[in-house]
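The two complexes that follow have subunit A in common; it is paired with subunit B in the first and with subunit C in the second.
Take a look at the complex of A and B:
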């Protein structure tokens, strides 16, 4: 699993164990954590233990993994502990692992479809035929809402956007709740007074946010929501398990709201504002008693990259072509890239979407604008301006790469096949551009800091070597110096346990 | 007996480390917990942003303020 620095998921790991046990009481949550957060090896371990009547001795589990893959094994076990799925027990005199009972029960239920109807929703049966939402409609709805939120964040900050699309921006203005949430998460800052109208200004974190892929963005926003749940007198765990519940529903089906409790009803109305669920309105303005999950919801906990990329393309479509309101351009080459970058730092973007143009203007000096094309040039000052605003070189590069024009991809492919050395991957962007963006960043940002713990004063090399290697295996090692016998980790729990155990073994 | 010290690991190049040390010396060791080598040191976690800002300030002063103003002037000739 590629760890796309989801701060949000790390937030989840900070919850105390008891909260996890409550969360795991719902089958949907157990399944969601299982699908989304575990590595393949960790999943295999869980599946192996799921129907075992007795705990599995540590020694036996170790036998299942080749010695050459020790790192993966340690990482998987650490992960399972962090999510309170594994617990250490002593079974007939030896150390053994067992699944925590709540998790095991819920996952078994999820797999066999047992339990009450509340676990995976109740399909609404009484939807009038002529009001059935189609998947296309749902996609469109989700897309409008989501684009509205991003557009609000970026559009409001940009210098470029006075003219063409003021009306459309206003039409997609996100709800007050969403704006509050963005503000609470420091993604935007509001200035001005209520009476004279407020204007939003995007922050560093906001910049980083808008350049992420959609799934990451949604989760970031949802975790913000969870974090602020207590302000609205809702329970964190209830909200989380409701989110996991929503994510396990099926796209294109209507679900009844009757089995939902008060907290869940409230959540639901907030999720409507994000475009994660769709709830049609009656004529008198009250919501009907059924709702549809949109594609944003159903791929929330998906672990398959294809499903995720479908979200990115279907929802992201209008973000990359001109707009959702002109049907011709939405169909033609909808999901294709549109940016051409030349080796002389010139950039041509075939788009007229205000959101895309605003994004580009973050790190490109835009020079001219045509009906479906903007041109500009990247320079040291424009890139460093972006870096000062908190955008990293890698974010710029990944943005440019993922939106590269098909012509650039073809070019890179041709280059690749001409190349005798097949192991070397030819990047889509020109190599000079890649290097230069990194160099510009280095020039500005030569210092990195990582919070964590420094371990030092090891009496001999063996005592240093073992925990250091262990830290590396579970992926928490940041820096080490063999000569000084010091190393630095960003999480200490696992290493501390390892060292205590080692000491105990040495004394025995 | 091994020890664990909480803090933030600061990694940079030797010139910048010299600046970090200078700032630290001038403010009675308000930042650095432990100097490790020319590329690394351990700083107080709550002072990270402060030291970063101060180093940046010092650098800007040393290198002269933005001398790349002309960079933005894009012409068809280049």
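Take a look at the complex of A and C:
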């Protein structure tokens, strides 16, 4: 999903090193990057080096890792360099790795709680007892906001059912700033003037966006926000570190706004619009001096699928149930998923949410609708219609998987345990459905693009062979042709360093 | 056309980390820590252990920790607190310290070099708990673990009486292992249930309940299950555990079956490190005298290092890591004792972070970590708890005895065992075989004779 308009973490990697050093000055940011972006091997490296008095020679680091996982090691080290956590130094004559001082100091502070950085939020102590927000309330609030944004995007699409029902009032209309942001990210296109009932049309990227899991969606929006921060005269790094700060807070606690500076105050009010934090209003319309992070915030930097899917399910399912906030749907809110897919391509979705029905109708021919159930069938034409609209097969599959009914999960689990071969994984969706969706996509979509670098014109075969094998080992090789002595990589840094070192060795 | 499809290789890694449960069993035996106090005071060991815990929690949002104290007379939870717990008694640091220094005096009296003192007081947090909560210098999950652990530890130490310390010189590893296993089992079940989404409606909001894996192919049941492991920080001397041999081995086999690695970090007791050859004479001088002396191996046994026999086997059987730490000791270096303790605590933390932090999956897949090759496989006999390398084994129940039981009746299952002519001198049949060789030429007739 190399969607250029949808920024994701790769955006962060494009920041210059000095920005990183400023970012790392806050322990919360260092902790968040450490937790969210590093592989477990990279985490192990960081922890080994964290309290080590001297840099670690490259050779010694290589000794720690098995030969068979050389690719993994190179990737981890490359990652650590990209995030400016490792730096190359020369220590007593040999090449060595050291942690960048800002990062190391901040991570140590995060672990020990030393220093006086107030990086992890001041708990508000003077919250009136009757106004304490419960976790359920916060979830509901976050749902409403997020649903409002998605509903606005999807509801504005022409494909979707027109349900001008009163139910839709439950979802909040997103604020003007959010709409601007969506527009800036080309997720929607606006037509008409604002005064005369502006009509928004969802774009290809928008479709791709709404089918992603919530955490990816939030980060996509937040990176858009960071990218546009300078328009609002805010510093990117300040905004980023504030986001990491928010993500390190604890769900269900009120935090005081008094230690926040101006930029952070402004960010806070924008985050309220996303539903990431909740700030109650006083009677006179001014915000009170404390705020609650919602589940959207606290799982921002979580890495496990467990925690992420908690967000997906608590927020996501309620998207399907809470908008039709009838008491009958209260029970379905407790269940995690609602979609049953059969091997004959029939699909049953226990939902009455217009948003979910609209999403399903993107790639399913809906047949009938009942008070709490829609049925439909996936066909070649319906899936290819979605693919034409810019949705990928993987997005459809991941949507269906993440919203699969518990019964389907249990079935897959039972299959798995009956299976003697534990290496083989039983997918939650029927295998035939998975294959067919992919095949339908391939029928139409036979080309993939990979941005990268072509290396060619090697003088002899040995010169070609060595970097090519190296690229394969570190997992960046995309294509090669031995006869023409060309190969194509999607990341050049490691290969470039390797070739430079090789050349230096040859000259010496 | 494509030589390799590396795209998923590059997208996947950081999203494949399943939550890990780290259970730490801390040997809090006051007698042993008093011996260590000149190199690694208990308070700095705890401080470093907390950093290690935080590092584990920092690695993944869903990581969990549990800490169990294996004390001299019981095994008890330090974190999480047992649910039926009463609010902490208002025992002050002062109170506890006086209580412990009393036992410390006893220890010092019986200690040979007389230099070691007990320094068991935990450094109180720089800020008191409430003040720190407001400033927010510490990530809240870290702080919660830390406060609870220190509170429980303080209570444990303050409730330890001098009599208890002197009465039971060893540490309750077996009980602690059992507690750890039961907790791991419970957590694993809870985790598995949350994955399938069986969680009941009432807990659904609060529980980590999952559903989704971003793509179907990622949902391996293996990589998603809770990765549990046990880290045992051991300080007590070696053979003291012999009387817990059976329960320890049972726990080890349970771990082996559940594939839970047991890592062991063995801290050396200073008197044993500096003068290993004096191990036997030194041992009775500690206050653990009576019990240890009776159970110590006979001099004819191969003299073991001070690392604990059964814990080596535990690490070996469960594919865990056994590290006998080498801390810079006070007597070895001429520098001041404060710098020695700093060095020792740095070394302790380095051991923890470098070798014992990576989760089992990373370990087995990518890392080469220290292991021990010369594992001491000796067992303890069931009759006198002696550590033996050669013994008698009941052929029915496989109980081990250091000498033939009375009447040849197995002490465990009661079976009468006939030892045969054990101890009789082997009969030399040299002459007979020579004779046979001699008559080999006319063998046919004898052969027929045999078959008849």
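Going forward, the second predicted complex is superposed on the first by the 448 of 508 C-alpha atoms of A that agree within 3 Å, B and C clash if a C-alpha of one lies under 4 Å from a C-alpha of the other, contacts with A are read in each partner's own complex, and residues count from 1 in each chain.
Methods note: a residue touches a chain if its C-beta (ideal position, glycine included) is under 8 Å from a C-beta of that chain, and two chains touch if they have at least 3 such contacts.
Quick caveat, the model's predicted, so the values are computed rather than measured.
K.L.:
Would you sort A:69 into first (subunit B), second (subunit C), both or neither based on which partner it touches?
P.N.:
A:69 contacts subunit C only, not subunit B.
K.L.:
Return first, second, both or neither, reflecting whether A:463 touches subunit B, subunit C, both chains, or no partner chain.
P.N.:
first
K.L.:
Hey, is it subunit B or subunit C that touches more of subunit A?
P.N.:
C
K.L.:
Examine A:472 and indicate which partner it touches, taking first as subunit B and second as subunit C; both and neither are also allowed.
P.N.:
second
K.L.:
Counting only touches as set out at the top, which of subunit B and subunit C does A:95 meet: first, second, both, neither?
P.N.:
Neither partner.
K.L.:
Regarding the shared-chain residue A:39, is it in contact with subunit B (first), subunit C (second), both, or neither?
P.N.:
Once the two structures are laid over each other on A, A:39 reaches subunit C alone.
K.L.:
Between subunit B and subunit C, whom does A:484 touch in the aligned arrangement: first, second, both, or neither?
P.N.:
The answer is first: A:484 touches subunit B but not subunit C.
K.L.:
Considering only touches as defined above, state whether A:496 meets subunit B (first), subunit C (second), both or neither.
P.N.:
After superposition on chain A, A:496 lies in contact with subunit B alone.
K.L.:
With the two structures laid over each other on chain A, which partner does A:382 touch: subunit B (first), subunit C (second), both, or neither?
P.N.:
first
K.L.:
Given the touch rule stated above, what does A:453 touch, subunit B (first), subunit C (second), both, or neither?
P.N.:
first
K.L.:
Using the superposition on chain A as set up above, list the residues of subunit A that contact both subunit B and subunit C.
P.N.:
450, 478-479
K.L.:
So in the complex, which bits of subunit B are touching subunit A?
P.N.:
1-13, 16, 34, 36-37, 40, 42-43, 45, 48, 52, 55, 66, 68-69, 71-72, 74, 78
K.L.:
Over in the complex, which subunit C residues touch subunit A? Could you list them?
P.N.:
My answer: residues 1-7, 9-10, 13-15, 17-19, 51, 54-55, 58-62, 132-143, 191, 194-198, 200-201, 204-222, 224, 346, 349-350, 353-354, 357-359, 361-362, 365-369.
K.L.:
Within the complex, which stretch of subunit A touches subunit C?
P.N.:
Touching subunit C: residues 27-28, 31, 34-41, 43-44, 47-48, 50-53, 63-66, 69, 71-73, 75, 107, 109-123, 125, 135-136, 139, 213, 248-250, 253, 255, 259, 299, 301-310, 312-314, 331, 334-337, 394, 397-398, 401-404, 406, 409-410, 412-413, 416-417, 422, 425, 427-429, 434, 450, 472, 475-480, 487, 490-491 of subunit A.
K.L.:
Can you list the subunit A residues touching subunit B in their complex?
P.N.:
Interface residues on subunit A, with respect to subunit B: 344, 365, 367, 377, 379-382, 446-459, 463-464, 467, 478-479, 481, 484, 486, 488, 492, 496, 499.
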